[in-house]
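These notes open a run of structures that come right after.
Both complexes shown next keep chain A, but they swap its partner, so chain B is in the first and chain C is in the second.
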Partner chain A sequence: MPASKLIDNQVRVETPEGIDFVQAAAGPVPRILAYMVDLGWRCLVYMVIGILSAFVGGLGSGAFLILTFLLEWFYPVFFEVLRKGQTPGKKALGLRVVNADFTPIGWGASIVRNLLRAADFFPAFYATGLISMMLTGRFQRLGDLAAGSLVIYQEAERPLTVDPQIKPLMPSVPLTREERQGIVDLTLRSGSISESRQEELANLLTPVTGESGTAGLNRLKGIGVWLLGGKR
Partner chain B sequence: MNLNELQLKTRVRSSWQALDIGVLMARRWYRPLLLAWMLPALLLYGLLNLVLYDSPAWAMLGLWWCKPLLDRLPLLMLSRYIFNERPTGLFNWRSLLRLYRFDMLAALLWRRADMRRSFNLAVTVLEQQKGAARAKRCAALNPGCGRAASWLTLVMVHLELLVPISIVLALVAFAGSYIDIDPDLFLSVDAGVYAHLSNLGMLLGMSLVAPFYLGCGFSLYLNRRIELEAWDLELLFRESHRRRSDVDTGIEAGVEAGVEAKSAEQAEAKNSAKPAASDSANVLGLALAAWVGLGLLSPLAATPAEASVYSTEAAGAEQAREEIRQILETPPFVIEKQVEEWEWKDKPTEVPEPESLEGWEWLADLARWMDQMNLGWLFQLVEVLLWAALGLLLFLLTRALVKHLKAYNGPEYKPPQPVAGPRVIMGMEISADSLPEDMDAAITRAFEQGDMRLAVSLIYRHILHLLVDARRVPLESWYTELECAAAVRSRAELNVDSRFDELTRLWLRLAYAHQAPDRQQAERLYRELREVLAV
Partner chain C sequence: MRERDFEQRYAEFWKAFESGLEAAGKSGQTPDKGFPEAYRQLCNHLAMARQRDYSEALVAYLNRLVMAGHHLLYQPESRVGIGRLAGALALFLTTLRRNRRFVICSALLFLLPALVMGVGTYHDESITYSLISPPQAAEMESMYDPANARIGPERDAETDLEMFGYYIQHNISIAFQSFAGGIFFGVGSVVVVLYNGLFLGAVSGHLTQAGFSETFYPFVIGHGAFELTAIVISGAAGMMLGYALISPGRLRRLEALRRAAAEAVKLMYGATFMLFIAAFLEAFWSSSTSLPVALKLSVGALLWIFVLWFCFFSSLGERREPE
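Our next item is the complex of A and B:
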């Protein structure tokens, strides 16, 4: 089979200065769940307003209709523009709406994006939007395509906790950036990888550590701690 | 399993992101996966119909129940595709039978309701585990992504239902109001051909969604294995190992070649030095000869190491790269300094002193003086003034705007001016100036003197004056008495009733027939009319 591009969910934006910004585009399943969370909240509000307006009579039902209209169309707009691109549902799933160049979304784009929900909804339950998401590489529904917006993951920062027992060790040979990242990764993830597997991986880096087996692994972890800033 | 061939950017992702990768995977190999699900499903549905043709609902239930088996082949194919292999050798009866028979009962009976099916399926199909071993393996893999696997199943079940529903709704929407569609058609379970049609719709929904469901589950499984077995690190370290061992052998070869070349040069230098010692006068020529000789000989000297000439060059490049890397690791590219006290991450840079303050001391003095004077109130005052100015500006702007808008309303609107009533009617002056100040006295005097004509004309004129100037009855100077009376009659809101008619008759009789009026009647009419017409 011919080699082809590797499958990846990351979106890259390059600034004029040649700096790459990388974000992961969010796909259908988490977005459906986020929508359901939002729908739940809206239904709750409708129920409360409905019960309250029942006491007021004709005026109440008029107010109920106006409020449901506003809530249905502008609930996402409000949250996306004023709450950093996150409706409550998106926040729960760790998602964010941004422009395609990762800048915060503004009123115009957000309104376009949300008014076109009507198109995405056709003929039932966002079927068109789902097909559009499956077809575009960056999981954009029609509204996203029209507004030039993107739903991305709000990456949580990884906690940098390492075993304090490990003694930091200066690497004896110069390392490339990828190697340094890999060694740091191994040090941080050593809790979830089996010991024997770690040794197997460390053996690959014998040219760096100069030793193999457990000793090599320990040296590698020492280098990892050193790279993370641990100094004696 | 060759990791180098993995068609996936290896990275440890969150479980939600792994689901997205699953969608991308399903998209890349959608057609074969779809067919691998749909064809066996159609076959199975056909077989079920041989027995259960009269109860389509049961046939559908049977198909639905066998979904864990139908999922196996596409998953196996996907596991080949992801390592860039062709799934040949899967499509013969024996291996297919083995695939479907493996752990079949458990999959169809007590594990049918497994919410994490797509995720755990990989353990059954790809790792060929069953029983306790399988349970243990699933328990090891599940932490961290079991939740996402359950949500995945929930979402995909609904998407499967969405497909037939949206097909029907789209058809209805496009058909418009020309065709009356009986909504019961799609809901009835046992309606012969229609039930089979709706079953096929369901089957279509299942097969369209299945590649995504399997892809997402498999991607979750892959992600978990990448996390637990550090596939990404393996690929990285393997690459680094390959590069480093290349560099090592390259350097060794280079060093050897260098050493050999050096020894050859030295030997040559010794040879050429011998004659040079005998004659010191020809030093220059000898040196030249030695240089030429060296130049001629060095390729010969290099012959023993000819094999490593090219590797020397390659090693040179590698060495240079190594040196560059070493330089990049030392100052000034890497600056290491020891800081022993806390400091702000983005320390405010110190404000550079202005080069010269000459001529500007007064400003500094003023600033210092203002600091001392505690001028908070002044600033507040200024603030208030600024706000007031802003308010005034807004007001002026509004006014200008209003004016501007008015200017465009075409010619200015003028309220209709009250038409000045006639001063003279039927040759009689009726303006206020022409009437005496004290009407009652004048009328009484005229009656006393027996001048009926004067008295009644005064009354008539005053009433006309009131009608024209106070009540704006549109009388014209050319009206006759009867026309005046008609005009007054048409203004019912004046409440004069028939009194003006009476007065008119009285006046006509007096004026043209010289019949003396009844004084009381005239005075009564005058009084009443004046009362009614007074503004």
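Our next item is the complex of A and C:
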């Protein structure tokens, strides 16, 4: 089955340069966690301002009310526009707000998505926003739909290295595209998969390698290194 | 070309691109002249890597670089300055004129119920209590009782500042909610505008009937020019969202909503600005008792004329339309 028919959080965008590039959209759970982190920060700021303003009387409580108003509505706007689409909470969770074409979000769109929080919150605890996230393919709440924005994962770097001791090995039979990709991915990820699982996977390709168990796995890794371009 | 050869050939270029990105990130976001060229080349590499079935790791690495480059190249103007704020105000005016029908609709939804309710409560006190609870009404009466030394919400001079904060938080939040409510097919906006109209009508009718007009009207007329207009405008902004969903024309509903929101938010810039002014006036001007009633009424009337002229008749918005 083609990947697009499966449930998938990958979002594809074609850029003006004529390439497709792909990012994973973030679902409700990481976004709720990010919101919690932001809420914690905001509460901390409220407490500090509250304590300080208690010493200044009327001026203080006026300032407190204005600051809470600004923080409540414009805290995310500030960070999204000036800090590359990441509030502190989103940064902690590795998320980022972008336009639907993956360009950085600007003032207008950010203000729309954050003013519409009032609608997403309705009637309580972001119930509407959650339902909207579940019904839309790219996990957009109402504010995202109106602003045309997305929350995506900021990809983390994970360098994959191959064991240099593996000797490259030319495959004895012609391989299909899927087989080539599978073998290369197995070789590259072998560091993060348990030995027995690797053998299990390698056994699926017994017709190609002609061997099973550890021998088959080693053969596959050799083929993988050869496909990557390792020289004998 | 095998993956490793490809990697070896371009690794240096990619490293240079990456360090260029970092440098641009630090130094005020302006990449050097060669950047777009390098970015296009990188896109080319990503396309090749995909087409030749190179490993997922390499494709992911290039994808990440392209993403960072994409963000640097297509960043919107995010600086804030006086020029940008003036531009936002001009955008507000032109958008307001373009969407006159929504503003008129919202104004009628506000004024007609206010009139009906005002006349109703003036003639029959019991209608007041259908909307306002008796204790609430009693509180209103005590606030505007001419026998009081100070009109408006009772308070001393120091709490003027506190009330300024309160008006900002309370009034602007209502405006934002009435905008946000528009996404429920306009129902939220209509409800907020209607309710505020009814409430204003009930309070004015009730207080006039109680004989407090000489304290009530001088108090509300000044900031009302900004506040009521702004509530009507944010209601209109919400209705634009709702209308886009109900009647998207030849667009898909979501696309119509997105376009309407981009337009409506410009109205919110102006409405927010006006509500800040209203909060300032309400806290420091309207509540003052030392000023004669005639002065407050005439200044209030002038403010109304100014606001309506500025929003609908001034040539400010026509002269320049940025963006």
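Definition applied: the second predicted complex is superposed on the first by the 167 of 232 C-alpha atoms of A that agree within 3 Å, B and C clash if a C-alpha of one lies under 4 Å from a C-alpha of the other, contacts with A are read in each partner's own complex, and residues count from 1 in each chain.
We adopt the following convention: a contact is a pair of C-beta atoms (placed from the backbone, for glycine too) under 8 Å apart; a residue touches a chain by one contact, two chains touch by 3 or more.
Keep in mind the model is a prediction, meaning the values are calculated, not measured.
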item	value
Which of chain B and chain C A:L150 touches, first, second, both or neither	neither
Partner chain(s) touched by A:I19 [first = chain B, second = chain C, both, neither]	second
First (chain B), second (chain C), both or neither touched by A:G106	second
Which superposed partner A:F125 touches (first chain B, second chain C, both, neither)	first
Which of chain B and chain C A:L217 touches, first, second, both or neither	neither
Touched partner set for A:L186, first chain B, second chain C, both or neither	first
First (chain B), second (chain C), both or neither touched by A:V81	second
Which partner reaches more residues of chain A (counting touched residues only), chain B or chain C	C
Intersection of chain A interface sets (partners chain B, chain C)	122, 185
Of all residues in chain A, those that touch chain C in their complex	15, 17-23, 57-59, 61-66, 68-69, 72-73, 81-82, 84, 98, 102-109, 111-112, 115-119, 122, 142, 145-148, 155, 157-160, 177, 180-181, 184-185, 188, 227-230
Touch list for chain B against partner chain A, complex	6-9, 11-14, 16-17, 19-21, 23-25, 27-28, 84-86, 151-152, 155, 159, 162-163, 165-166, 169-170, 172-173, 212, 216, 227-230, 232-234, 236-241, 244-245, 248, 322, 325-326, 328-329
Contacting residues of chain A [partner chain B, same complex]	1, 3-4, 6-10, 24-30, 32-33, 93-94, 122-125, 127, 130, 134, 137, 139, 153, 174, 176, 178-179, 182, 185-186, 189, 192-194, 197-198, 201, 204-208
Residues on chain C engaged by chain A in the complex (per definition of touch)	1-6, 39-40, 43-44, 46-47, 50, 53, 55-57, 60-61, 63-64, 66-67, 70-71, 74-78, 158-166, 168-169, 172-173, 176-177, 179-181, 183-184, 188, 241, 254, 257-258, 261-262, 265-266, 268
